[in-house]
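Before any comments, here is the structure.
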Amino acid sequence: MQVVITAVGPDNRGLADPIVHSVTRLGANIAEIQMYDHDAERVFSMLTRVELGVERYEELCNAMAEVARRTKLSIRTWTPDIVGRRPRLAICVTYRPEPALALLRGIRDGAMKAEPRLMIGNREACHSLAEQFDIPWFNIGKDGGKPDDDRLIELCDEHEVDFIVLARYMRILPAASCWKYAGGRIINLHHGLLPSFPGMKPYHDAYAARMLTYGCTCHFIVPELDAGNQIIYQSTFLVPPGMPLEEIIHRGQTDNEPHCLVEGVRRVVEGDVRMHFNRVVVGKG
Amino acid sequence: MQVVITAVGPDNRGLADPIVHSVTRLGANIAEIQMYDHDAERVFSMLTRVELGVERYEELCNAMAEVARRTKLSIRTWTPDIVGRRPRLAICVTYRPEPALALLRGIRDGAMKAEPRLMIGNREACHSLAEQFDIPWFNIGKDGGKPDDDRLIELCDEHEVDFIVLARYMRILPAASCWKYAGGRIINLHHGLLPSFPGMKPYHDAYAARMLTYGCTCHFIVPELDAGNQIIYQSTFLVPPGMPLEEIIHRGQTDNEPHCLVEGVRRVVEGDVRMHFNRVVVGKG
Amino acid sequence: MQVVITAVGPDNRGLADPIVHSVTRLGANIAEIQMYDHDAERVFSMLTRVELGVERYEELCNAMAEVARRTKLSIRTWTPDIVGRRPRLAICVTYRPEPALALLRGIRDGAMKAEPRLMIGNREACHSLAEQFDIPWFNIGKDGGKPDDDRLIELCDEHEVDFIVLARYMRILPAASCWKYAGGRIINLHHGLLPSFPGMKPYHDAYAARMLTYGCTCHFIVPELDAGNQIIYQSTFLVPPGMPLEEIIHRGQTDNEPHCLVEGVRRVVEGDVRMHFNRVVVGKG
Amino acid sequence: MQVVITAVGPDNRGLADPIVHSVTRLGANIAEIQMYDHDAERVFSMLTRVELGVERYEELCNAMAEVARRTKLSIRTWTPDIVGRRPRLAICVTYRPEPALALLRGIRDGAMKAEPRLMIGNREACHSLAEQFDIPWFNIGKDGGKPDDDRLIELCDEHEVDFIVLARYMRILPAASCWKYAGGRIINLHHGLLPSFPGMKPYHDAYAARMLTYGCTCHFIVPELDAGNQIIYQSTFLVPPGMPLEEIIHRGQTDNEPHCLVEGVRRVVEGDVRMHFNRVVVGKG
């Protein structure tokens, strides 16, 4: 079975050794290691992907918990080989409800097998949506929507979430958060076609470039790497010359974005795609 | 009626005055003037768009012919208000026959009203296509496909062409040629999504960027300006992760590109769109 | 002598005709015409550059004033062939005083011949600098520094300014203002190397790209065109690896930017460079 | 002491385990691991940076040689802590001799301590330069200059080279070669300012962008990463408007590029800078 171990700590001394030793002692084969050092933010992290016999998974989890206790590193052990239950999602939102709504409907109607475990917002705008589908709601936003980034991760940990879905969540996850759920567990919906329109206002940028094609992109988030390279799914729509920007945005938000997120999340939870050395590859699904 | 006058000459002295004087004397209202000076290539040019009573169009044509005789400038007078006949097309090709074929079939089957007046190639690859549809064929390519650019314009002049369609014609028109048919008369099919993938190998570039959306772009050519800003039509197709490049190219070339060119040319010949101050705007069509 | 006429109006009907007629009637030779139509902002404008005998300059000015009266167009007539007086500058500032200070010192100390006619700020930060050099000061900023763009142009008109110098003026001039002083009369100091670092935070962007070269760019502003193409002067400085961003910014602001602006303005006011068909060329100076 | 181990093999099974085990067994502390998988080219590689007591360095080298023998991986062990001898350089060239010449003179005249161990060319153009300085010369170019990439690495191995200097070597090293000498051992001179002008013709591109600043960049090569982020040194020169391209290129090639390479190589061989998690940081030097 495949296991992903992520470790984040305040410096790079002693980050790799204890994990590598434990993994090696349990007879796991190392398939991939990525390390990252961002001095400026004091974020040092490591992703370790190993192959291990199923029967030793729990032992590995315990060993990693023990390392975490001893070293004060923030360590997470997770396997993408989910058996006997549905993948658990944390759905993160800000203002726009449409993509999250489409995802919740898609799950309800059997378009994919997944469990929307909780919804997290930095604004109240989508609170009623959580109520409508009877899903626990957590507002991590403080004054002006500033999110409590640590609380987001805590909530995901507590709810034993498999995948974090950013459904038009309009804040940037800090690198430390991304590393804690590294390995293809954070799915973002960007409301523009990547790599062309990466900014905060992709509809406006595409309109300024007088495009007649608009689109959006569902992708994994990998810190330090250009998002355009971890594309899970993209969908587009064409507009005739002269269509006002407001109408284009409306079409995108109410139709194209929801469709894109649903298909993107489906590809991940059903194992159609997975991360492999910072690339999206065809899964075993 | 709207009239477009283009003038190209070897320097910028005396380029504007004789045309402006004639136009003014005939009572035309000047709607737009664009001038361009490219020292390095000794191409000086002017686009003049005027409004004129229909009854004076011939007089204007004659006056411009007279100016051309006197000044040795290369001058063309043309009106987009085509009455009593079908818009005449020159279809330029190199290797790929699919877009030209789709265009010829579309015209034959009534998808748009247009007359394919001649086909121009810099290679022989599409000669048989011209024969099949019984259209005059001209090969302007010399050794290695190097095109005789002046001959291309001569042929279009002789055949009184309204629009030049570059249907995967793989050579770059020199600035002087573009200016001679300026004002929204040169339609290009680029086999990638603009503005993201402008180069000579857009399929390869998009593949390297690990895109899951591919597309092509039908646009007017305006010298000195970024092609992305004169988009007539774009069409896209989605691919699943892992599809080999060869298969993507095959889909693009056999399906998406032909469709894009047909709809793009239709929009122009039926007046759905037109050029207005270097922008594509909704036509009166 | 060379004369530049700019005209700005609310639509493109009747913009070109009256100016072209007047210019033609006075026997001027048209050297360049550029027209621009920005529907969205209802800005239609025309730049006309003509050659004319010196003795008829005043007549042309009067004719243009007459056209302006009749048509309600906003018309300006100006010649770069300044004789018998020093070129007059409007120096526009926001927070940073260093570039303006260096320019004022340079003029005082004879590095170039120019007259700093007035200073315009959208903040009070440089008010004392104007006092120190005894130059009329105008604050056009309202709440939060929002500038009164029309007032800026009015002030330049009233003071018969030749060149508007944006000396770390942190607001974007609207297209209408740029067109009113088109033809190489607006000089901007951008605090990053163009075309690489065009944004609002070029030091930060270059630092994020881990550059070891920093620079700034003095350029003409031409609406609709990429600023990188109208470069008057650039200057750079090298930094060793590991230099903190704050120190880099300090070096740039206190040394490199002031130097760049002084040399850039000198090149313009002494006629070393000038605009010609949207390009910077070597002047006759 | 710091030790860099690189391993390259045909698949990712069994790439990490034997190295990690050996390193761990010898009591080395793992400071950094980077793995890379490029399916398409069947290049799988790993960079391991460890801290180790000096007295165990030879033991580590032997252990790695043993792993290489057993696994058929291509493994290299190297330490940047060079003691008792000068750093050995392989200087790779194609046509332009100036940068290599400046480097050889700089070493001869004591500007830095280094040993030019061999020169490698894919053309004969710089053969006489090697003769002049009495350095072994190897031409790895076949018909049309096509280089024997494997031979280049073999030569560097045989000559126990510390650093490979690409002194206007005009071919791209394959990813496998770059990984074999990963860890800050390949120094490239790019004849344009990065990140702005990355292409094969940076002088022409900067000229087309009408830049008045030209420059070049000395940087480490890291496969898969944007070269702009591993800058060792950059140098620039300013040109007045109107300077012909040929003169700009001449200045760049004869003055700026040689200077840039000399200072860049000096910074590396004297330990002013080093690679650390894919970034250039200040060395302990």
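To keep things simple, chains are lettered A, B, C and D as they appear, and every chain counts its residues starting from 1.
The rule is short, and it goes like this: a contact is a pair of C-beta atoms (placed from the backbone, for glycine too) under 8 Å apart; a residue touches a chain by one contact, two chains touch by 3 or more.
Since this is a predicted model, take the numbers as computed values, not measurements.
Asker: If you list every residue number at the subunit C and subunit D contact, are more than half found on both copies (same) or fewer than half (different)?
Answerer: Both copies touch with mostly the same residues.
Asker: How many angstrom between the C-alpha centroids of subunit D and subunit C?
Answerer: Computed from C-alpha means, the inter-chain centre distance equals 45 Å.
Asker: Using mean CA coordinates as chain centres, what's the subunit A-subunit C distance in Å?
Answerer: 47
Asker: Measure off the straight-line distance from the CA centroid of subunit A to the CA centroid of subunit D, and report it in whole Å.
Answerer: Their C-alpha centroids are separated by 36 Å.
Asker: Using the touch definition from the top, which residues of subunit D touch two or more other chains?
Answerer: If we look for residues of subunit D contacting two or more partner chains, we find none.
Asker: Chain adjacency by touch: line, ring, star, complete or other shape?
Answerer: ring
Asker: Mind giving me all the chain pairs that touch?
Answerer: Pairs satisfying the touch definition: A-B, A-D, B-C, C-D.
Asker: Show me the residue ranges of subunit C that touch subunit B in the complex, using the header's touch definition.
Answerer: 12-14, 16-17, 20-21, 24, 29-37, 46, 276-277
Asker: Going by the contact rule set out above, which residues of subunit C touch subunit D in the complex?
Answerer: Going through subunit C, the ones touching subunit D are 193, 195-196, 209-213, 215, 228-236, 238, 240-242, 267, 272-273, 279-282.
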